[in-house]
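Heads up, there are several structures right after this.
Both of the next two complexes hold chain A, though its partner changes from chain B to chain C.
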Partner chain A sequence: MTVSNASVTPLAGRAAPDRRTSASRPGTRTKTSEDSLRSRDKSGYLFVAPFAVATGLFLVVPTLYGLWMSFTNQSLTGTGSEFIGFANYAEAFSDPQVWQTLGNTVWFTILSTIPLVLVALVMAVLVHTGLPGQWVWRMSFFAPYLLTSAVVWHLSNWMFQPDIGLLDTWIKGLGLQPLGWLTDENVAMFSIAGVTVWWTVGFNFLLYLAALQGIPAQQYEAATIDGAGGWRRLFSITLPQLRPITGVILVLQLLASLKVFDQIYLLTMGGPNGSTRPILEYIYDTGFTNYRLGYASAISYVFFALILVFTLVRLLPTKKEA
Partner chain B sequence: MTVLRGRGVPGQGSPVIASRTRSRAESSGGLSRRDLLRAALVGAGGVALGGTLAGCATPDAAGSGRTGVMIWDLFSGGDGALMQEMVGVVASANPDIAVESTTLAWGPPYYTKLAMASSGGKPPEAAVMHMSRLAGYAPGGLLEPFDLDKLAELGVGQEHFAPAVWEKAQFDGQLYALPLDTHPYIVFNNPTIVQEAGLATADGKLDLDALAGADNFLAAGRTLAEVTGETGVGWGYQRDPAGCWRMFWGLYSQNGGGYELTPGRPAALDEEAAAEVFEFLQAMVDGTVAAKNQDGNAASARFMAERTGMMFAGEWDLPMFREALPDVGATPFPAIFDTPANYADSHAFVLPRQEQADPAAREATYQVLAGLLKEGLTWASAGHIPAYQPIVEEPAYQELTPQRDYAAAAEVAVFDPDAWFTGGGSDFQVRMADAMTDTLAGEAPPRTAVTRMLSEMDRFLALPDPA
Partner chain C sequence: MALADLTDVRRTKALQNRAENRALTKLTVGPSPWARAGALAALVVLAGLWLVPIIWGAVTSFKHEAEAALPASLLPTMGWTLEAYEKVLGNSDLLLWMWNSLVVAVLVTALTVLISAMAAFAFSQTLFKGRGVMQWLTLAAIMMPGQILIVPLFKQMQVMGLVDTFAGIVLPQIVAPVMVFILKRFFDAIPQELLDAARIDGAGSWRLFWTIVLPLSKSILVAVAIFVFIGAWNNFLWPFIITTDPQFMTLPVGLSTVKDAYGVQYAQNMASAMIAALPLLILFMLFQRRIVQGVATTGMGGQ
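Right, the complex of A and B next:
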């Protein structure tokens, strides 16, 4: 669902010329090639086959196998594949670690999603209203998104370094107490969310910018003629026109934030005192470090169900809008 | 999270590309697209197939008539190069064996890979493991015991190892691990600063007697801090679960603390002894004796920049420190409490269970492993104390400084508690460190750490043993 949603906007601008060229072609063309069209329909399956096989092998089969495992006491060491019914699920629902780490994941999602949408919007509007040197802004806002999590970890790890790090040095320069960026329970999640915003905001920025460029210029022209000022145009044209893309960005961002793992695993490993451990790390630790694959599968499925419910709820109003 | 985004991007681009390709193909008579795709498919298939085949082949054993022996190790630090050197020596001494050593990054993923390879039935012939992880591996049938007679033929036997280490390598009366070294958690020192602080013995070494006892140690730390103008002792505990655990467990053992970790029963520690350890650590991390809020990187950086006089670290950091401080000194862990004890772990070779054991490969594996043990002198230059005692007794080893100065640590080595979930690179160490960080940072009383550790231990004990 996310993919098809995402494909809507950037296309809008580019697909238009294509449509125009095909419309200008003679209409007879489609009739003569009707036969070949039909045979092409079949060859279509062939084209889809490699993807279908790969999806089947690497997505569908493992997903179903994971579901089966969640009903067994399968261990990574190869032992125990007996069917144990809903015992894993019962354990997951009564395991405080599941709820605590799920809470952390939700907390991170809240902390990261709001700025990731708002900051992206502000940056896109600023760039679009005509800051000089657009491409420089575009590039510098988007560039961090191209880094891998390992690079982001290295950079932020040294900046957050207690005592000798860049941030602590600045803070001490201001005469304030150094902060436990990654070592204080009350601060660590904010630090990680901050890094994440810096790292990934470029993607949302790009989506917003594309949508901004898709707003017809005539609307602004008409408004200007009617005497509307810059702020009026922003609130009456720009922001309302961005509502659909905001919906898309919000869903994409929520799903991306719920999947948080790498930057936390690299920066804090879930510490201090478990305050940043996301549910995916708990699943990873349970399955791969403590070898309890069956139980880890069960927790994954509980998490999966929650995301599914959330996505479906989000899907309902979208349909109405359309 | 990147994966989702990555998937989204091609999804956006592809329709445009597809429509463009179509119009071009129509105009040029639909020529090359199919051929191109077919060629690409064949090419991709070839690559995939080639990759798999290459992955299957055992180290150039195929065709050459030599027996292949694959060894996995976890020496991704400076000691990795030494292991390669030793493998090279052993390989040239055994021309009929093709030895291939693969170095994987240390940490929880290493043990995941090893367990998966073993349960998959196609593991390497031998692997390096921390002895502290043996309790999680041997009982589950992931490993095979060593044949003592075969080892004896190659000149390796019980009499060649320290009793504590040999004992730790046993399970169910059989030898499951062939110890390569003991690597204790020790204290490094900067001889110049130590001299200036008046903490050196007549021969210029750190005077351990002057550091004995918590009060003496803290006083010495303050003296060192006066000399450096910053801190006296380096210890990075933030975001270093292993460092926290090594320090705690070593000191707790010095304080005579025992433990009970029996599945199905509540965990038991000597809470008084544990709280005393944390009282001492809180007193040490006061901003003068040792820096507050410091992590491993910062502590090492400070020590190498001569801004601190001593440093708690594993002996494997020796090559790194020696680069910055050529005359760096090292001693066993100081006696803060009364019982002689020094936290240590041990690298050992193990034999992952083979689905179909190849006697020739097994024979060759024994030969290679025995050869590697006897190359222990090379290994010692990384800082590790060779487990194979004939090496330690060699005059050449006795000349290695500062290695010989802390070799005594192996005699009082204490290992991780025995349970399936403990050991180097385990989730257990991460959780224990988590439980103690608030206390170490001075934000919670010593008892809090003890209570939290006990409740985490209880959680582990309640889990079913996956093996």
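Right, the complex of A and C next:
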């Protein structure tokens, strides 16, 4: 849309208004006299320059540099930068560590995303009842999101401590066998997913809450007059209205979960036995512990391909709407 | 008098909110006291679960170190003490890291908001050759997750001599193409007549930007700033990679090195966690409404 806006001269635009970009679309501007006012101004370059320079330097350059690097055997110490073609990519696809960490990442994404959406929904629906204590509920659910990962690590590590931690104390109090929260291969990923839900659910909760506040009261009033009870209103009005936002939150959450690093690196360092190590940690280890920058870049791009699929899904509805 | 007015406004607003909430309760859960009690009970349980780790951490931070290493009792039995806080503030670089975090977060926020708003203004209110291409590129930039770039970006920073500098921590964080689009959408909605009138009066783009567009966009600018600030304050991965010198570490990075320094001093660990958590928690308590709004509007990425 903007491409055509910029290339058509204002006069021609006025003489032959383009029907496809007519006033019915709020995002696009029709060609009117104001564009001729705008067009006289060449300051646009100056306004966009700082952002363009920053983006070029810290996004475009590393993107291309990383791509180039992925075809070399460059190391952190600077040795070896000859072109080795697709060797890094070939190695990545046959590297069991890549598959294992990719599998861990996907497993974590599944384990965390489902509760992160559902629990957020439950919280928002409960708070949206307008029951007293609004400030307290919002505070309790959102506060953990404001903690930095290192604080989350300290708090949860303390909860998970064998014998003296709160979880073990409670479990023993119930007469059950304590779990190896972070030391048992079959349990660690669940513990980390649990920490992640506690930490970040407040964000999705706020997105849901904002969406709920947009539901017109008349709908509830009409349903009440028709004799719909509380549950009926929940399932026939509230939840259907939240369907579009649920899609958005789901994709945003998938993208966020795939990029997991902080809490796993801090809580288990990827252990026990590599069972929680995400792909981002493998990239980090390959680049900064083993100094294999070329190979690390290649894995980054394999990972990027995976993320891109989800990003495109996210951008599609935006395109349709704009 | 002004203060009295303000409290009056606040009181009316609080009353209004309460009435709205009551109406909302009637509309959602209905008049049944059982339904209300059920919903309230669910809220209490959930909120309790969510607060337990923070409260328990806070209580532990006031215990004697000897007691913190014993099986958990919720309240201290050997008495409350500030010992852990004294030790943490005396022995570690906690306050330095906090200061670093503040500097970094403020710089990232100011620069991000400024350059994003300028770019959004250019896209929204000026015409220049290549505008369409640049917008398309900005859209494409949204798809590039920064985490993918850590390896080449670090190497690039090495070449630029920015490892272990504030510039090295801050600059890569100020590229926020999503924010450009959020702001552009807002600027698009500013009435054209207003801007045209100013232009006819001879105002240049620079004046237009500072005296009309920015003041009219205060709400969205605050929202973006809040969102960027929280992100920058809490960012771990990039500062962790770019700093090795404790002198330049931000709070999250410095705090992640604390374990080795203390061994298993749980009370001290909790004390540092509490000190680190406090600034944002206090900000949230003071400006809850604003922050909730800011995160909700910006968090969707402008959708």
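Keep this in mind: the second predicted complex is superposed on the first by the 267 of 322 C-alpha atoms of A that agree within 3 Å, B and C clash if a C-alpha of one lies under 4 Å from a C-alpha of the other, contacts with A are read in each partner's own complex, and residues count from 1 in each chain.
Operating definition for what follows: a contact is a pair of C-beta atoms (placed from the backbone, for glycine too) under 8 Å apart; a residue touches a chain by one contact, two chains touch by 3 or more.
All values reported here derive from a predicted model rather than from experimental measurement.
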Margin query: Once chain A of both complexes is superposed, is A:L182 in touch with chain B (first), chain C (second), both, or neither?
Written below: first
Quick one: classify A:L59 as touching chain B (first), chain C (second), both or neither. second
Should A:W198 be classified as contacting the first partner (chain B), the second (chain C), both, or neither? second
Next on the checklist: A:P50 in the overlay: touching chain B, chain C, both, or neither? Say first, second, both or neither.
Outcome noted: both
Original post:
For A:P162, is the partner it touches chain B (first), chain C (second), both, or none of the two (neither)?
Top reply: first
Practice task
State whether A:F303 touches chain B only (first), chain C only (second), both chains, or neither.
Solution key: second
Touch test for A:S149: chain B only (first), chain C only (second), both, or neither? both
Kindly classify A:Q100 by the partners it touches after superposition: chain B alone (first), chain C alone (second), both, or neither? neither
- Message: Quick check on the superposed pair: does A:L252 touch chain B, chain C, both, or neither? Answer first, second, both or neither.
- Response: both
The chain contacting more residues of chain A, comparing chain B with chain C, is C
The shared contact residues of chain A with chain B and chain C are 2-4, 6-7, 50, 76, 148-149, 161, 163-164, 203, 252, 255, 259, 261-262, 288
The chain A residues in contact with chain B across the complex are 2-4, 6-7, 10-11, 14-15, 18, 21-22, 50, 73, 75-80, 97, 145, 148-149, 161-164, 178, 180, 182-185, 200, 203, 252, 255-257, 259-262, 268-274, 285, 288-292
Note: in the complex, chain B contacts chain A through residues 1-5, 7-8, 11-12, 15-16, 19-20, 23, 41, 108-109, 111-112, 115-116, 118-120, 140-142, 238-239, 241, 291-295, 297-298, 301-302, 421, 426-427, 430, 433-435, 437-438, 441, 452, 459, 463-464, 466-467
Touching chain A in the complex, chain C uses residues 20-25, 27-30, 32, 35-36, 39-40, 42-43, 46-47, 50-54, 56-57, 60, 69-72, 114-116, 118-119, 121-123, 125-139, 141-145, 147-156, 171-172, 174-175, 177, 180, 185, 188, 192, 195-196, 199-200, 204-206, 209, 230, 233-234, 236-237, 241, 251-256, 258, 266, 269-270, 272-273, 276-277, 280-281, 284-285, 288, 292-293, 295-297, 299-301, 303
Note: in the complex, chain A contacts chain C through residues 2-7, 27, 29, 33-35, 37-39, 41-45, 47-48, 50-52, 54-55, 57-63, 65-66, 69, 74, 76, 122-123, 126-144, 146-151, 153-159, 161, 163-166, 169, 198, 203, 206-207, 209-210, 217, 220-221, 224, 229-230, 233-234, 238, 248, 252, 255, 259, 261-262, 266, 280, 283-284, 287-288, 293, 296-297, 300-301, 303-304, 307-308, 311-312, 314-315, 317-318
